[in-house]
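In what follows, structures are represented as structure tokens.
Two complexes, one shared chain (subunit A), two partners (subunit B, subunit C).
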Partner chain A sequence: MNTLAVPVASAPQPVSPPLTQRFAALADALLPAAAALVITVLLFSAAVALAGFDPLEVWSLIVMGGFGDAFAWQNTLQRAAPLILTGLAVALPAQAGRVIIGAEGALVLGGLAAAALGTVLAAQAPPLVVWPLMALAGMLMGGLWIGIVGWLREKREVNETIASLLMSFIAIALFNQAVETVLRDPASLNKPSTKPLPDAFLLPAMPGLDVHWGLGVGIVVAIIAWAVVKLTPLGLSLRVAGGNPRTALSVGLPVTWLTIGACAAGGACAGLAGAVEVAAVHGAANASLIAGYGYSGILIAFAARFSPAGVVPVAILVGGIAASGSLLQRRLGLPDASVTVLLGFAFVALIGCETLRGRSFFRRG
Partner chain B sequence: MDATTLGWWGVPLAILGGAIRVGTPLLWVSLGETVTEKAGRINLGLEGTLLMGAMTAYAVSLLTGNPWLGIVAAACVGTLFGVLHGALCSLTRVNDTAMGIALMLAGTGLAFWLGKPLIQPSAPDLPAIELGSWSTMPAVQAALGINPLFVIGVALAFAVHWAFGHTRIGLRLRVVGDSENAARAFGLSPSGYRIGATAFGGACAGVGGASLSLVYPGAWSEALSSGQGVMAVALVIFARWDPRRCILAGLLFGGASAISPALQAMGYSSGYYLFGALPYVLTLALLIGLGKPGPSDGAPGELSLNR
Partner chain C sequence: MSQDHLTLARRRLLAGGALAGASLALPGAMRSALAQTPMTMGVIYVGPRSDFGYNQAQAQAAAAMKKLPGVKVIEEENVPETAAVQKTMEAMINQDNAGLIFATSFGYFDPHMLKMAEKYPKVRFAHCGGMWTEGKHPKNASSYFGYIDECQYLAGVVAGYTSKTKKLGFIAAKPIPQVLRNINAFTMGARSVDPSITTRVIFTGEWSMPVKEAEAASSLIDQGVDVLTCHVDSPKVVVETAEKRGIFSSGYHASQAALAPKGYLTGAEWDWSTPYTAQIKALQSGAPQPNVLRGGLKEGYVKMSAYGPAVGAAAKTKADEIKAAMMKGGFVIFKGPLKDNKGNTVIAAGKGINQFDPELEKMNYLVEGVMGSIPG
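On to the complex of A and B.
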């Protein structure tokens, strides 16, 4: 019997799966997030009620403080800008199967490089020349830092998660040392800092938005990253190298360099975040740069399931919740640590509810 | 009188004293993390547990006037966080690295929220064991005022080492950490052992936190921990999963951060932060030099970090 014989007169093959199956797939994708949302709301409401506050009032203030008016949005997006980039710093190496948790170090060194270069160049060139160079300095520094981690992984089998954490501690020590000695502005007495950028060199707001250009930079980088990962052969190779290195090697992909490149690209995003924070928010490199954005980025990337595009909405949501802290404190006297608790609960629930994925209750039989 | 009256002898003495003071919480968190990792699980969230432990210990010590009760309470809270992490990570598809960082955020937030009213009042500290009372020099007395939690921690480290090799539960825990298939063949439940090991790790981290708030620096503030909980993971690698070497690792990491203040007292202030970074450079160099840690290094085979 010829198994290759195809019945000519049979019914046409369905071009897409049946509707019920598609609904099941959608439910499967949404179920973990929905369950996490319910758990988070219940847990945080209980915590707030135990502390003697009205949960409804607290929730409405969180929405107001994060997304209620133009001012709230401005605050939210301002915070989202570095978070998008640190989220990418984790999401990009993850495409190659690498878990990097040291974006904080790449961020502070990127900020330091940008601040050092910016203050020197500010006397000789206009802002439009200095900004790209500062961004480049930050990206090179961050890319080099996490690139080393990728290289150690590929060449010496050093675990990248631990190595990136160690490199992050080393980076912060180098940063503090530099800011307190060689790069210190003698005028910064209480809070050691590099020389401030002249006012004309602070990154301005995007037209009509009142949010600095860092947000635009973050979104553009996220779109480029998404396009490269999803649409180009390079992105496909990267995902194959991450998903199944043996297959990747057997079809002749340069797995080593793809991995190191993905780590360096992630580090460059973190370094760029540092450069943006220096150029747009702090005006100099100082301890304010060590704000935990690197760690938040890990959670954002996991919550976005490592999608470079998904990082953007998650970062905005996280930025909004963080931004609502000050309103909660002003209106209700609720400590701003309460929003950290909310974010912690939300991420615990989200990561825990991943267990529901693929166990859809809608797909019987 | 200060270190100068001892001349240069003041420097090693101050470093030793500092190593014990700063190293005690490190010893506890790394000891706990060693047990957790020996069962094949990693907990990156010990920073949150540490802060919860510090806050709880301080609050209970303040309310009851008894710092030892504070330490017990800290261990209980730590156990709770450990069980939570262990149980959640036992679910399929839950990533332990990410869950650890999420719990770090939740624990830190809770500790700061609940600890807000504790910033002003001062709770009774844990009294030191005065080994230096024979001396009239305050510098010697300060350095030899040994923290009882350090002594208990050292004893516990040896006890854990002994338990790994000689007790039923210790051997089974190592089987679970080395090979899940072998554990199942023996009829052991990997999840059960891992939850237990993570709970032990959490309890130790809670006590480590108590050491911060009740011994040194001996007060509750939001700047209490400088990442000791996150460092634990690095220390365990440095100790190569040997509980006894956690003592050495704690003292070394603690001592490195005491070098700069000791030298500063002698008038040398350069390289303050660089000395602090030395242990990390050393750990990284160790990882690079020795390559991938294998079973002969005591590395648990089921640990996601070793794959």
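On to the complex of A and C.
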């Protein structure tokens, strides 16, 4: 690995850039986001006004419902919890230049593996032993599933985006088959489920918060992922492999295994999300696990520009919008689709403004 | 067992009383007092309110409740069966001061609603499905459900009279007892008219998968089926496909008559305003929460869609006659001798299983005359 650092060490590094240059860099980083925010506010206000609602009232409800008080924050964080991990499931393979959109499949299989193992182990070991093993089972299962996608890409030249989506459909079919036949709890008549975990084996809420441990796990994994990608030689070689595979190959990087590894790491995050959902929310694996978190992760990773750390605030923003969508429906009778429209505007504006990054428009502005 | 039946009967009586009309029964002074401090009830849907199906049937009842004095209805649609529904319930309680919450999707019950019922003992929760069990579940939680197989049986009778090919089609989501019971009742209704009639079943495996449902509908029509019905969350595409291909359809959950003005025969619909009214009335009068509200046609939990133009006089007469017997009480759908479609006797001759018997909720067979098998 040490040899990997050589080409980078030789790159010229400015020792301490002048203050103006730093300011310009900061503005360059923040301006697109600010512009996207303004565009989103304008577009959504117009849409709301066209539908006959007062934009000011709608915006104040959005802020209140998502971030207005302690309850709103817990609501937001709870909804964000699974999205951090599924965002990472897309962001990590993206470091290697791979676009994975099938995290949903890895999530449900991870949840299934965790539920199957958990119910067996619950009779033999205390929760503090069972939980890590369930997490491990979920990660291995999810990692294996998306790892296969990476392998197909590297060894068989199958497009990973399509493959991951199709594999996700297969995963969901396998999941349903298992839950409805071999792993079905005979007592689950009208809602086929695996056997439930005993109550003592349900993950409690985080101390002082009414939010389950999925949030803490997600943030810790995001920080680890960020540190590995940004601070370690492994992360550097991964980014080189993703940014310019030819260069990476020419300096002797194992591009194939870096890519498969990044895919597997992403899958492991999704599988972990499934395990947490089972241990903290459902207590069993059943069709309720197929809730679309894996697909939300795609948007979150894109909006976070595939930064493993950036996934956290974006997931919280999306969680907040979901929480405020709930309030909008109840207070104004707006349809659920209204926050989907808001999210749509936000993501299109954000991605649109990203393309302007570094252009003279922002520099001079 | 007999005690159970007694409590059940008392509860049904309670529900029946509520039917008399909560608003009209209230004295004027009480009504104005209520108007000053309206009670807030929340309704949570798993899909869109306008799905022409499961969710719409619930939303229709919620809309009817908005007309009651002193009742404020708040709603939220597309709420998944995850931690999100727990937060939605909490938000209704904390942000809107809801005192009664209708969790309308089957998957909301365990663990979501149970957890919230324990956390908020002063708030009443009602769940659509037959899950609440005395001694096991909190007192501020409850179940409401209807014996809709009665309507499916009647729809089967109408289909039996209308079909010329003697082949009926049924598009089903999952092979769970509730769905099997509907398929069986529909088939038995049709075969009570003509024992040569068969029902072809396709399971899509999902509650809402419009593409598969449309494909299944086309495939069944290609096989010669001329009356189509279903048990999926939204019968919209099934009924539309039938109409487009020029065959008859029978609805489910809510009325889909508007989607098939020519071929819509009738349909099995929920009437959730009955349990909704019973819960509201109990809360407003300070009575304990009714924990189990169940009933069929007689109790007003289910109803039939109005007959479409294609239904003949003989079909109407026969269906109305059976309906009258059901309304009187004591009509038994599942009675022996009854064979499944593999030739095994599932109910012995001379034995009948009452609608309220929990045994029917474990149904795991398809009756004679159903062409198809339970997957898995």
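To be clear about the criterion, the second predicted complex is superposed on the first by the 339 of 365 C-alpha atoms of A that agree within 3 Å, B and C clash if a C-alpha of one lies under 4 Å from a C-alpha of the other, contacts with A are read in each partner's own complex, and residues count from 1 in each chain.
One rule holds in what follows: contacts are C-beta pairs under 8 Å (C-beta built on N, C-alpha and C of every residue); 3 or more make two chains touch, one makes a residue touch a chain.
Please read these numbers as outputs of a predicted model, since none were measured by experiment.
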item	value
Fit or clash between subunit C and subunit B when superposed on subunit A	clash
Contacts of A:I170 with subunit B and subunit C, given as first, second, both or neither	first
First, second, both or neither for A:E180, with subunit B first and subunit C second	both
Subunit B versus subunit C as contact partner of A:E277, first or second or both or neither	second
Touching partner for A:P335 - first (subunit B), second (subunit C), both, neither	both
Partner chain in contact with A:Y295 - subunit B first, subunit C second, else both or neither	first
Partner chain(s) touched by A:P126 [first = subunit B, second = subunit C, both, neither]	neither
First, second, both or neither for A:S326, with subunit B first and subunit C second	second
Common interface positions of subunit A, toward subunit B and toward subunit C	173, 176-177, 180-181, 335
Interface residues, subunit A side, partner subunit C - complex	65, 71, 74-75, 78-79, 81-82, 173, 176-177, 180-181, 189-192, 212, 277, 280-283, 286-288, 291-292, 322-323, 326-327, 329-331, 333, 335-336
Subunit A residues within the subunit B interface of the complex	51, 99, 101, 152, 156-159, 161-163, 165-167, 169-170, 173-174, 176-177, 180-181, 295-296, 298-299, 302, 335, 337-345, 347-348, 350-352, 354-355, 357-358
Interface residues, subunit B side, partner subunit A - complex	44, 48, 88, 91-95, 97-99, 101-110, 112-113, 116, 227, 230-231, 233-234, 237, 270-274, 276-277, 280-281, 283-284, 287-288, 291-292, 305-306
Complex contact set, residues of subunit C against subunit A	42, 48, 74-84, 86-88, 90-92, 94-96, 106-107, 111, 129, 174-178, 205, 361-362, 376
